[in-house]
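Below, chain A partners chain B and then partners chain C, in two separate complexes.
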Partner chain A sequence: MSDRVGLLLQLADDELILGWRNSEWTGIAPFLEEDVAFSSIAQNEIGHARALYELVARELGTDADAVAFDRPPEQYRSAPLVELRRLEWALTIARHWLYETADAVRLEALQASDDAELAGIAAKMAREEAYHRIHADMWLDRLLASDEGRPRLEEALDELWPYALGVLDDELRAEFVRRVEARLGRSQPDVDPVGRDRHEAELAELLDEMTSVRRTAPAGARW
Partner chain B sequence: MSAPASALAPERVWEALAGIPDPEIPVISIVDLGVVRDVRVDDRRVHVELTPTFMGCPALDAMRARMEEVIRGLGAEPDVEVVLDDSWSTDRITAAGREKLRAAGFAPPAPRGPEPPTLVQLERGPFRCPWCGSTSTRLENLFGPTPCRSLRYCDDCRQPFEQFKTI
Partner chain C sequence: MTVVYEVFRRERAGAAMQHAGSVAAPDARFAEIYAREQYGRRGESEALWLVPRDAVHEVSEFVDEFDLKYRRVDGYSIKERLKEARELAAGDRRR
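After this line comes the complex of A and B, so read on.
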């Protein structure tokens, strides 16, 4: 696997898996506006994954669906942060904000890449992600402003911190930590990242559910 | 010897594509939407560059299929290429397209600034109600029925409306 395919798969798998996790709020979010918001965000993330899988598929001589759905769990390159199944609001907002903050650092780096195609897609993704960040920032402020929300959010941020550190590589991680500390106004613990060299047990369950239709349909079925 | 078929002019292709409505908001054509980036005619083969709006927009496949159908209707062979670069922004929606959106009750997107939008701008900025023209409107939800729109509410005519996001 080329370095380029490896990098594209990290990005695509993060967006696909988090898109799926965000879509789990469709219909059951705390209120209607958030059903709509998380569903839209999920749609955007999965759209980004699709575009990135198209590039991978072109290099590997296959199609995007095969790349997205036909790999065993251990071949996914997603970060454990996006794999966790946490249908709890403070944890959802904490993950959303941590991921969008990390993703912004990553997309800025990719837009400056010598790989013109990847830089172009990153710039296009960044236009949409700007709204995800606004949404995540708005919720961060909202929870921090409430007596009940603040401790719950802080606990969630602490729980997810090692996972958040595992989204970016060594080169970009320092900038991510800097932004988190600046925004939260506190220093974050220096812990070992939970990186892409392992997966959460929830990933296999997610993939089993996500690919169930594909696995039951005859090859070449069109929808 | 038969006479060579008269060449298809690119203007004819543009005109035909301008007759294709956006699958989601049919008041506006795909040409008004700015997603057709280039048309080249090479003998009987028509190459079209199509650039998606939002990357997860499910209308892309429908647009592509309809474009191919329309080009075949001109007696040519379609070659529709989806270009996934950063060339589309809401600034590409034509003036005519923006007016059609407004008339149908969708507030057209604000022009893009040098920096991405912020929550403060979306909450405080002057966004005009497409129904009554008032700028006394407020952000109800950053997200709407599709990823390309937000929901706002007009305090003057007391109607909700859909505001196109600027990307």
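After this line comes the complex of A and C, so read on.
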């Protein structure tokens, strides 16, 4: 597998798995408007994943669905942060904000890439992610401003911090830490990242559910 | 505390704003995101107006104690007059 494919799969798998996790709130988000907004964000993430899988598929001579759905769990390149299943709003917002902050650093770096195709798709993604970041930022402010929200959010941020550090490689991680510390106005603990060299147990369950239709559909079925 | 914002949308440049619905949100930032998602994400709007419901001055009582039917359009037949006027106009052109 080329470095390019490896990099594209990291991005695509993060977006697909997080999109799926966020979509688990559809129908049960804290209120109706948020339900629609968060579901829409989930759809955007999955849209980004599809665009990236298409690039991978072209390089591997297959199609995007095959890349997205036909790999065993150990071949996914997603970061454990996006794999965790946590149907709790403070944890969801903490992950959403940490991921969007890390993703912004990553997309900025990719937009400066010599690979014009990669730079182009990163620029397109960044334009949509800007709205996700606004959404994540306003929720962060909202929870930090409330007596009940602040401790719950801070606890969630602490729990997820090692996972958040595992989204980016060494080269970009320092900038991510700098942004988080500047925004939260505190220094973050220096802990070992939970990186892409392992997967959470929840990933296999997610993939099992996500691929169930594809695995049972007759060959050549069209949607 | 949530505030209800009435949302108006314009389908294309030059068209009139039309009431689309409402969103409940904690503040204007949330309202903007929610309105974008609910009334703009499918490309159905060219612009949105968000108005806090409290800012709307509602008028709802229309008193008509003496049942002045002749004020309503249904009491005023314009069909014949229009026909006459059109015939007249057509005649003018012929002349």
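The rule is simple: the second predicted complex is superposed on the first by the 223 of 223 C-alpha atoms of A that agree within 3 Å, B and C clash if a C-alpha of one lies under 4 Å from a C-alpha of the other, contacts with A are read in each partner's own complex, and residues count from 1 in each chain.
One rule holds in what follows: a residue touches a chain if its C-beta (ideal position, glycine included) is under 8 Å from a C-beta of that chain, and two chains touch if they have at least 3 such contacts.
Remember, it's a predicted structure, so these values are computed and weren't measured experimentally.
Aligning the two structures on chain A places chain B and chain C in a clash. When chain A is checked against chain B and against chain C, the one touching more of its residues turns out to be B.
In the superposition on chain A, no contact is made by A:A217 with either chain B or chain C.
Contacts of A:V191 after superposition: neither chain B nor chain C is touched. Judged by the touch definition given at the top, the superposed model places A:E33 against both chain B and chain C.
Contacts of A:A174 after superposition: neither chain B nor chain C is touched. Of the two partner chains placed around the shared chain by superposition, chain B is the only one that A:I46 touches, whereas chain C remains out of contact. Legend: residue contacts after superposition of the two complexes on their common chain; A:R127 is shown touching chain B, with no touch to chain C. In the overlay built on the shared chain, the residue A:R142 is in contact with chain C alone; chain B does not reach it. Comparing 7-15, 43-51, 79-87 or 97-105 from chain B against chain C in the aligned model shows that the clashing stretch is 97-105. Residue overlap on chain A between the chain B contacts of one complex and the chain C contacts of the other covers 33, 36-37, 40, 131, 134-135, 138. The touching residues of chain A, counted against chain B in their complex, run 33, 36-37, 39-41, 43-48, 50-51, 54-55, 117, 120-121, 123-128, 130-131, 134-135, 137-138. Listing the residues of chain A that touch chain C in their complex gives 31-34, 36-37, 40, 131, 134-135, 138, 142. Of all the residues in chain B, the ones that touch chain A in their complex are 54-57, 84-86, 88-89, 116-119, 122, 140-147, 165, 167.
Those residues of chain C that touch chain A in the shared complex are 2, 23-26, 29-30, 33-34, 36-38, 41.
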